[in-house]
C-alpha cells in the first residue's frame, strides 16, 4: 500500500466515517423510535416518506435546516450559540475513541477500526460525554427564560448524581479487565470466555440505569419534561440549533449503547464462544454482532420510554443516593474482594 | 443552589393545562408556594348568548361546555327545562338517556385516564385511552351523526330511537372496553413510578373537600359518597343497580382508582338499561315553539366531572330569561391551591390532571 | 402569490422541489388546543387516524420548534394577543390552519368576548370547517396544506429575504 | 321527576328556627319542591348562612345565581336578585336564599362562611357588577381587567360595545 493511501486517504476516510457513522445511527434511531413507539401504541408511525418512512428523519433534518434561526433578544448570544455545538460535538468527538472492531489486515497494512487508541479510552469517552451537560446548562441559562433555566438546573443535579454510580460501575470493569483501553476490555472478555455483563450483572444494571439518566431519556427525562417544562432546556431553540440538541440526544444514546456493549457484552464478539455447535456464528463479521447488540439496547431505550411514567425530581434523587450509589459501592467492594481472594 | 422564590407563569398555552387555563405559580426550588388560576381565556359568553336563543336552540350549545361529556350537559339542561315546563319524559326515553350518558361517562373517563397518564409521562396510556374511546364515539356517530358534540338528548326525550342493531353494537363495545382497561391498568396500577407520583400527592380530607365544594370523583376519592345518581335520582337512575366507588385517602391515586372503578360501574348500568329497555315513545310531545310560563327551576345531575346543574328562568316567552350553569370543574378547580401548596412543581401537573377539569365548562 | 408564468431557473426549481419535499413531509404542529376542536386534534394524532404516518405526530410544546399552527377552537379576545405572540415566536417558514368554525369566523358565538375569526390576527393558510371537524376533515386539510407547500418556492425567499418580509 | 322531599321534617324545622330567630329579616319562607326557600334582606345574609351551615347542616355551597331584574327595577324594585343555593350532605336537601340588591349596592360576602363561594362571587362581580364586602381579592374572573361593562346585565348588548380586534 502506498504511503499516500496509508497516510492521507485512510485517515480522511476515517474522519468521514466517524462523522457519518453516528449520524446514520442517529437517523436510524429517530426513525426506529418513532416507528416502534407507534407500533407499541397501536399506531403505524411514519410510513409515507421513502420505504416505510425511512426518509422521515432526513426530511426532518432538511426542514430544520431551512428554518429561521431565532435568538431571543434577552439571550446571552455567545453562550446561546455555543451550547448546541458543544452538545453535538462532545458526543461526536467521543465516537473517535469508540472502536468498531478488531483491526483488519489488508496485505501488509493494518486498518484499525478506531480513530484514536488510548490507554485511557474509557475515561476519555466518559469525560467527553459529560461535557455535553455543559451545553445543556449553558443553553438553559443563556435562553434567559424560566422553563429552560429550570430544565438546566434539573439537568445539573441529575447528571452530577448519576455520574457517581456510573463511575463506580465502570471502575469494576476496569478493575476486572485491568485496563481502561476499550479494545483491551473486549479482548479480555474474549480471553476470559465470559462477558462482564454476566460476570457482574449488578454492575451492568446500575450502569444501564445511570446511563439512561445521563442521556436524559424517559423515565428520567426531567430536564425536557414536556408536560412540565414545555420543552425543557431547549424551549427557546429553533431551527438547526434545536436539531443539534435533538440529534445530540440520540447520538448520546448510541454512544452509551456502544459503551454498554463494549463494557458488558463483548463488543464485536459473537455470542456463545464456548459452544462448539455454534461455531458458525464466527463467520458473521464482528461489526454485524456489534451493531445487533447496539440495536438491542437502543430498542430497550424505546421500550422503556413507551412503558414508564416520568420520575419526580425528589424520587429521582432518592433513587440514586439511596439505592444506586450504595449498591454500586457494595458491588465494587464485592468485586475487589472476589478478585483479591482468587 | 438556593435561588430566590420565582414566579412562574404556566399557560394559557402550556401542554398540560388542559386547554387555555393559566396558572400563576410561585415556586421556591420547585416547591410550590402559591397557585393562582387565571380564567377567562375561553370565556365565550355562553350564558349571555343563551338569553337570545329559544329553549331548543340552547341544547346544541351546551355540547360545547364540557366537550368531553357533551351528552351530560344536554341532559342536565333538558332536565331543568322539563322540570320548569312540567314535561313528563317517557320511560323508554329515560332509559336511552341513561345508556347514552353512561357511555359518555365511559368516554370521558377513558380520555381522562389518557390525559392524566400523559401528564405524568406515560404516553402510551393516552393512546390506549383514546383507542378505547373511539369505540364509544363510533356508537355516537351511528346514533346521531356526531362524534364529539353529540346533541343526542333533546327537550322531552332523545333525538331518535335505538334499534336492535345499535343495541348489539353497544353490547359488543361494552365487551371490548374491559380488555382495553386491562391494558391501562397493567401499565399503571402497580407501577412503582406511577405510585410514587400519585400516592399521597394532592391530598384533601373529606371535610375540606366538602368545604371547598368539591364534587364528583375527586370528592368520592376522599371517601364521601355523594353521588347525585343515588342522592336525588333523576331519569330513572333508581331502577338500576350500581355501586358508588369510594377512595380512602383523597390523593391522586385514589382519584385515578375511583374513575377506573366508575368505568366498570358504568358498563354495568348501560347493560342494565339496554336489558330493561321499556316499550314506548322515545320523546314526549313537546310543542315546536316551547313557551314556558314564568318560573324558575334548578336541576342537577352527576356528570363525569361532578355535580352539574342548570338554573333556568322563564319569563313566559319562547326564550329563557336566564340560564345559569353550575359547573363542577369551576368549583373543583378552586381547591387546587389547597392541594398543591408545599408540593413540587411536577405534582401541580398531576394534581391538576387528577381534577379532570375542562376549560369549556369553567369559562363557559 | 406566485406567478405561474414567471420563469424559475432549472437549478432553483429542483432546489425548490427538494426543500418543499422536506417541508411538507415534516410538518410539526404546535400543540395549541383551545377548545373542543383540540380533542379532535388529539384524536387525529391517536391510534385510529394517526397523523404520524405523515411525520406530523411530533406535537411541539414550544412554538420555536413548530412549523404548523393548528388553531383548534374558539379564540376569545382575551386569548387573541397570546395567540398572536405565539405565532410571532414561531420561526419562518410557518403555516397556520384554522380548525373549526369558531377559528374560521367565530362559529356559533357572535358574542362580546369571541374573536370573529382567527384570520384577523394571523394569516391562515387552510380553513377546515366543522364543529368540530372530524379527524378525516383535519387530515384532508393537512393534505391541502401539503399541496400548497409543494407549490411554494422557498428559494425565492431565501435569495430575496425582503420579499418575505413584505408579504 | 326526582323524588320530592317536601315531607322531610328537617326542612320544616329549619324554616321554623329561621323565622323564629331572624323574624325581622326573613321576608318570606316556604318549603318548595323539596327545597327550603327563604327570601330575606341582605343585612341578615351572613348570620343566616352561618346558621344554616353550623346548625341546620347545609354544609356545601352549591351555586350563586344572579338575575338582572331590569324591568322590575324600573318599577322601583331591586335591580338584582341573588340566589344562594346550599346543599346538605348527607341528606340530599337543598336550601335557597334569595336576596335583592339594588344598583350600586353591595352584598356581604359569603366567603368567610363558605370557602367555595369565592369564585362564584368573583363571577357575579364580573358579570353583573355586584360588589361583595368583607372578602379579599374581588377582581374580574373571566373578562380582562380593563373590560368596560358587565356582560350579563340586560342592558349590555350581546355583541359587546366595542368589537374586539
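For the reader, a short list of remarks on this structure follows.
By letter and in written order, the chains are A, B, C and D; residue numbering begins at 1 in each of them.
Here is the rule we use: a contact is a pair of C-beta atoms (placed from the backbone, for glycine too) under 8 Å apart; a residue touches a chain by one contact, two chains touch by 3 or more.
What you are looking at is a predicted structure, and each value in this text was computed from that prediction instead of being measured.
Common partners of subunit A and subunit D, by the touch rule above, are B, C.
Set against the Cα centre of subunit D, the chain with the most distant centre is A. Among the chains present, the centre nearest to the common Cα mean is that of B. Averaged Cα coordinates give subunit C a centre that lies 46 Å from the centre of subunit D. Between the Cα centres of subunit B and subunit C there is a gap of 31 Å.
Per-chain Cα centroids separate subunit A from subunit C by 36 Å.
In subunit B, the residues that touch at least two other chains are 14-15, 40, 43, 45, 48-49, 127, 131.
Annotation for subunit C: residues touching 2 or more other chains are 46-47, 61, 78, 110-113. Within subunit A, contacts with two or more other chains are made by residues 41-43, 226, 230. Of all possible chain pairs, those that touch are A-B, A-C, B-C, B-D, C-D.
Partner subunit A is touched in their complex by these residues of subunit B: 1, 6, 8-9, 14-16, 30, 117-124, 127-128, 131, 187-188, 191, 193-194, 196-197, 344-347, 349.
Residue ranges of subunit A in contact with subunit C, taken from their complex: 34, 38, 41-49, 53, 55-56, 58-63, 66-70, 226, 230-231, 234-239, 242. The touching residues of subunit D, counted against subunit C in their complex, run 142-144, 151, 156-161, 163-165. The part of subunit A that touches subunit B in the complex is made up of residues 37, 40-43, 146-147, 150, 153, 157, 218-219, 221-222, 225-228, 230, 305-315. Those residues of subunit B that touch subunit D in the complex are listed here as 39-40, 43, 45, 47-49, 51-52, 83, 88, 210-213, 224-226, 231-234, 238, 298, 300, 307, 309, 311, 313, 321-322, 324, 326, 330-331, 334, 363-364.
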